[in-house]
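In what comes next, chain A is part of two complexes: it sits with chain B in the first one and with chain C in the second one.
Let's turn to the complex of A and B:
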């Protein structure tokens, strides 16, 4: 389980996170929803310890983030971080050199799944295919937790469907996933838990299926209530 | 298997309903093997935990059964299959009656219309 407790973060005088708390379970897909600029990416950066927080606590399976944590959790940012002149194969090699948790077999399976050619240069790829390579590099790590920042933004519908397919496959199964998005439509049936964020606080945290069962409301219904009510 | 889900009813309830329809119409035959939880999730594009919940529900209702480590199967219990069929029919008729009652149609006219429409649609 990933526990985020009372996280605060200021950039200069601007308060971005104002006491954010939530949990994300292993074997579940947790979706952080909020419009642009509410601090979604900052939370992920905070969990990965990439940005120092002003206060708060983050625990991964009960432990604070350390050097060893990076073999247990991975972060897939919204843009690829590999050098553009690298080929897909070279980027995969880079990851393999860097991480013990790299799973070459799964990486090759993902290449096939996304129909990517490993000799292609990253700079020559379409936006959708770049997003898929980015995802491949993260998913091929044998880690317990995956953080994905806006995996669906700015790519075509078929690539989106392909990426959504990954979530229902063994490539993700049994791992804990946190994804951020401002576009819930495509993935409403895929997620377990929703964390609604606004102005640096969690407005509501709920299980999507329980919400449908107990109140007959879709995720969008709840968002409408919370954001406009 | 292609099912379109609505967003307000629990997905697992909709999956169970889909299975009931397939069982009642004979598309899923008694004793037929059903996909694993992961396969079902992938086919229907739903969360694997939801697929799991649907199977648990169906197991409890006796719609499917699992023996040891082999794949789950559709029930062969004729009583259960008959009950599923009756349940679906009665659900559909109930909702039809509720909406037609508001229009206040004489029963003879209604039966005539039903006969006409029902055979007409079946021939299409």
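Let's turn to the complex of A and C:
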């Protein structure tokens, strides 16, 4: 389980996170929803120790993030984190060189799934295909937790569908996923848990299925209630 | 430790194309230069001795003998060295900033590697070290080749033959790059790499605290330099000069080690706790 406890973060005088707390379980897809600039990416950066928090605690399976954590948890930011001059093959080789958890078999499976060619240079890829390579490099790691920052933003409808299909496949199954988005439509049916964020605080944290069963409300219904009224 | 070596290999690979171009420019410029300069000298000699019937002794008195010493003062020789030095100084900064800027922010990947983050820092320092040593080695290989070309073109009675060490000690600049004693080597390269450590730490200050970090980086750098030149400052400002040259050398080595250790400790702290993508 990923536990985020009372996170605060200031950029200069601006307080971006103001005591954010939530949990994300293994085997579930947790979606952090909020408008742009609300601190979604900052939370993910904080979990991965990519930006220091002013206060708060982050635990992954009860332990603070250390170098060993990066074999257990991975982050797929909204831009690809490989050198543009690399080919897809070279990027995969880089991952294999540094990560014990790299699963070459799964990487090749993903290459086929996304219809990507190994010899293609990252800088020559379309936005959709770059997002798929980014996803491939994260998903091919045998990690327990995956963090994804806006995986659907700015890419074409077919690539979106393909990426959404990944969530229902064995490629994600059993892992804990935290995904951020400001457009819920593509993934509403996929998510287990929702964390609604605004002004640096968690407005509501709920289980999507339970909400549907007990109150008959979809995620969008709850969002309307919370944000508009 | 394996990750550290892999990172060094990776970092070297990232600069290799530009590095090979720098080596290429050095080789072409210096080899072409020694040919042009030697032939130029020879044609001057021919003009003076054969066409103008000047006695050879008078020509040598007036123009001097051609030697590698003369050639190493020329732009053909010094130009590429200056270019390489400028490129490496620039790369000391670019080796960090290239990971943050641009479309693909590679720093995310580097910071998420399942290895000590200090390895990323040390791999970059090692890369700069190897690049410098590599260029100096190429220069040491080039010198005897250039000397041979000069001997081939200029007849023995018009040239002064110098050994490699003589060529180096005759040139003010080469002498800094290739010192004639181990102690001098330690001093020159020790100071050089201490400065690289200080620059890298200052960059991490900036990458951690941005605008405020620039100020912190400058203050940190000035403090480090003050620590290193403290005995010198004592002498200049207070006239205190208790140390013999050997004692001064040992003191400076100890101070350099302290400055480098402080840089590594500070960088380790910053890259683990403060740096931000």
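Remarks
One rule holds in what follows: the second predicted complex is superposed on the first by the 229 of 229 C-alpha atoms of A that agree within 3 Å, B and C clash if a C-alpha of one lies under 4 Å from a C-alpha of the other, contacts with A are read in each partner's own complex, and residues count from 1 in each chain.
Just so we're on the same page, contacts are C-beta pairs under 8 Å (C-beta built on N, C-alpha and C of every residue); 3 or more make two chains touch, one makes a residue touch a chain.
Bear in mind the structure is a predicted one, so any value in this text is a computation, not a measurement.
For the composite obtained by overlaying on chain A, chain B and chain C can both be accommodated side by side without a clash. Residue contacts after overlaying the shared chain place A:70 against chain C, while chain B stays out of touching range.
In the superposed pair of complexes, A:52 makes contact with chain C only, with no contact to chain B. Centred on chain A, the angle reaching out to chain B and chain C in the chain A superposition, using CA centres, is 160 degrees in steps of 10.
In the superposition on chain A, A:83 makes contact with chain C only, while chain B stays out of contact range. Within the superposed three-chain model, A:100 lies in touch with chain C and out of touch with chain B [touch as defined at top].
Legend: residue contacts after superposition of the two complexes on their common chain; A:191 is shown touching chain B, with no touch to chain C. With chain A used as the common frame, chain B approaches chain C to a shortest CA-CA distance of 29 Å. Residues of chain C that touch chain A in their complex: 3, 6, 10, 14, 102-106, 108-109, 111-117, 272-277. Listed in rising order, the residues of chain B touching chain A in the complex are 5, 7-13, 38, 41-42, 45-50, 53. Against chain C, the residues of chain A that register as touching in their complex are 45, 48-52, 67-71, 74-75, 77, 79-84, 94, 97-101, 122.
Residues of chain A touching chain B in their complex: 27-29, 164-165, 167-170, 173, 188-192, 209, 212-213, 216-221.
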